[in-house]
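These are the structures in question, set out in turn.
Same chain, two partners: chain A is paired with chain B first, then with chain C.
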Partner chain A sequence: MEMSAPFFKYGLFGDEASLLVAFAIGIGFGFFLERAGFGSARKLVAQFYLTDLAVFKVMFTAIVTAMLGVTYLAWMGVLDLSLVYLVPTYWVPQVVGGLLLGAGFVIGGYCPGTSMAAVATGRIDGLVYALGIGAGTLAFAGLFPVLRGLYLAGSAGAQTLPQLFHLPYGLVVFAVVLMALAGFYGAGLVEAHFGARGERS
Partner chain B sequence: MAMRWSWSRLSLNQKLAAGALTLGLLALFARPNRGNVITLDVKELATIIDKEGDHVTAGELGGWIVAGHADYRLIDLRSEKEYAEYHIPTAENVTLTALPDAPLLANEKIVLYSEGGIHASQAWMLLRAKGFKNAYTLKGGLDQWKEDILFPTLAENATPQERARFERAAALAKFFGGSPQAGGTQTVAAKMPEMPKVEAPAAAAGATSTPPKKKKEGC
Partner chain C sequence: MATTTPDLARPAERDAVHVAAAQAYMNPYLAGIGLGLVLLAAFVTMGRGLGASGAFSALVAWALHSVAPAYVASNEFLSPYIGDGSTHPLKAWLVFEVMGVFAGALLSGLLAGRVVRTIEKGPRVSNAVRLSLAFAGGMLMAIGAHLARGCTSGQALTGGALLNAGSWAFMMCVFGGAYAVAWLLRGEWK
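The block that comes next holds the complex of A and B.
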């Protein structure tokens, strides 16, 4: 079969149309976040109290689903994996940023995507959180000349697990599936343990 | 004893898990195409080169440095030794072999230069292949920079317009620590005037070349 994806890279649509596509995907993403209950900070922070690990389960399910889809599409020759954009690794800012985002998640009860879903359903706390994201983004942009060194520290280029561990691509896929299934099983045990003792809200 | 196993007894989640496991197992044999093939729009590149949209001139670059622009990154592709001897103010040293892994961002305005310009052009191709849309070369390389910026010459039989242009060039040359060559009947063979010291040019503030001292901030 002729390679035909990623559609954007093969020029199926241009820059402007790609924004519309992104909008449609974004709406779909938000819809399913909301349907999974992630428009509520209570549901999200239950993750950190170990009473409800739905966030972990939904996100890992999404990862496994997308991974299998991409693997099989590439295997069938429909998707050219070498054209899929990989976020380059800058491990210092990514570790720092990850910790910051985690702290913000615990304090604010949302992550960026879920806060937008919360805003869409009219939650005030989601709105405050989204304003915080805007303010933080502006502050970062303003401070960029100062933060540039940090921003570019620890550059390791675009990395993939198969390349990093010198393992066959399929083996990594299988390992991640196993990890997910073990994780789901473990999450069930954790919920049974902490969820039973915790007060229902 | 244990209940007889049957597919219909499984919950939806368990069925999905079994499906994922099966697909994961099958994926062990997957040979997805992930070739290192890069696709270049040859026509687009040819158009850019033809329209001279792939380079900046020494004069333009000099103007940016004087004005203290900080929206570009100037990359010196020569060896470390050559870089240490002289480099254009604000330049960072990234050798050609180090370029593919250099911490450059695809959306940055990047100006590449080498001694003459051939290496810079080749590096430009590499960056374009990596998806850098905002890459340029310094037209004529460092040679042209010396000729136009550091050591501009004024012919003896210059017209008034040429003299006026030379005055401006001379001011720029002094800014960069060069020496304008007035009234010279220099031939190409004439020995090169002394290169300015690396520290000498009163480099515009703003764009500094190496930011290691900044690393402490922000953590």
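The block that comes next holds the complex of A and C.
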């Protein structure tokens, strides 16, 4: 089959049409976030009190689904993976940022994407959280001269796990699938243990 | 804000999940497959994944630029969102995608009877405390997401599916950071 994806990078549509594609993809994203219950802060944070592990299940099912799709389409020669944008790795800010973001998740109850689902479904705390993101963005921009060193620390370029560990791509895909399946099994056990005692949402 | 449930007589802070008309949430594995196919569609059509925090940066850059253009132009983080002025800062892929997220979530919520004006919180915390913590959490989240060059969507979900090394480190730290503070914050949720 002839290589023709990503469609945008092969010139199948232009910048204006890409905004319509963005809106359509966003609709799908928001729809499934809300379907999963991720417009509700209590449903989301239940992950961190081990009473409902829907966050883990939805996230890893989505990752495995998209990963298998990308791998298959690349193997078929339809999708050129080298044209799919990889955020460059900067170890230090990504570790520090991840820890801050995780803490902010439990304190605030949402992440940026799920806060949009919360605002759309009437959650006042979601709206206040989104205003907090605006304030945090202003603060980050103001502090950027101070944070610049941290922001650029541990640069490793665009790098995948197979490249990092010098393993075949397919083997890492297989390992992620196995890890996810083991995780889903474990999640069921954890919920059976903690879920009955906690307030299920 | 739309409030379409028949339960308007209830105090606003009551728990939306107990609204009689609301349907149960989708099976998490089915919702995950749906979300994964949306992400795959983004890869195949655009050659990029999903995102959310970047749309907030564009919005803040645009809003601040209208009152303090010199500041934004000199700010290394915000100025790229304004660019050379040839296109409107809000005419950006992530801004349109996030508008879609709003529309898609509203659609799903309306179909399931889950659109209700409420404050999500545990039973022991006041509205004022909960809303203060929501604001503080949003601030902290924004700083973390900008440091990491993406949030749960742009880094964890997108980078996770692409086996991006930094995204996997980020994702593990998100769970680590969240579990580390969960016990301290149990009064907000339990």
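The criterion applied here is as follows: the second predicted complex is superposed on the first by the 198 of 201 C-alpha atoms of A that agree within 3 Å, B and C clash if a C-alpha of one lies under 4 Å from a C-alpha of the other, contacts with A are read in each partner's own complex, and residues count from 1 in each chain.
Just so it is clear, contacts are C-beta pairs under 8 Å (C-beta built on N, C-alpha and C of every residue); 3 or more make two chains touch, one makes a residue touch a chain.
Keep in mind the model is a prediction, meaning the values are calculated, not measured.
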Q: Identify the partner contact of A:Gly98: answer first if only chain B is touched, second if only chain C is, both if each is, neither if none is.
A: second
Q: Have a look at where A:Tyr90 lands relative to chain B and chain C in the superposition and call it first, second, both or neither.
A: both
Q. Which of the two partners, first being chain B and second being chain C, lies in contact with A:Arg148: first, second, both, or neither?
A. both
(Q) With both complexes superposed on chain A, which partner does A:Val64 reach: first (chain B), second (chain C), both or neither? (A) both
Q) Which partner, once the models are overlaid, touches more of chain A's residues, chain C or chain B? A) C
(Q) Just to be sure I read the superposition right, which of the two partners does A:Tyr169 touch: chain B = first, chain C = second, or both, or neither? (A) both
Q.
Tell me the contact category for A:Ala139 with respect to chain B and chain C: first, second, both or neither.
A. second
Q) Which chain A residues are contacted by chain C in one complex and by chain B in the other? A) 9, 64-65, 70, 83, 90, 96, 145, 147-148, 150, 169, 173, 176, 184
**Q.** chain A - residues contacting chain B, complex
**A.** 3, 9, 64-65, 68, 70-72, 74-75, 77, 80-83, 90, 96, 143, 145-150, 152-153, 155, 157, 168-171, 173-174, 176-178, 180-181, 184
Q) Once bound in the complex, which stretches of chain A touch chain C? A) 5-9, 18-37, 39-43, 45, 47-49, 54, 57-67, 69-70, 73, 79, 83-91, 93-141, 144-145, 147-148, 150-151, 156, 158-164, 169, 172-173, 176, 184, 198-199, 201
Q. What does chain B use to touch chain A in their complex?
A. 13, 17, 20-21, 23-25, 27-39, 70, 100-103, 211-215, 217-219
**Q.** List of chain C residues in touch with chain A within their complex
**A.** 1-3, 12, 15-17, 25-26, 28-29, 31-50, 52-53, 55-57, 59-61, 64, 75-78, 91, 93-109, 112, 114-122, 130-131, 133-182, 185-186, 188-190
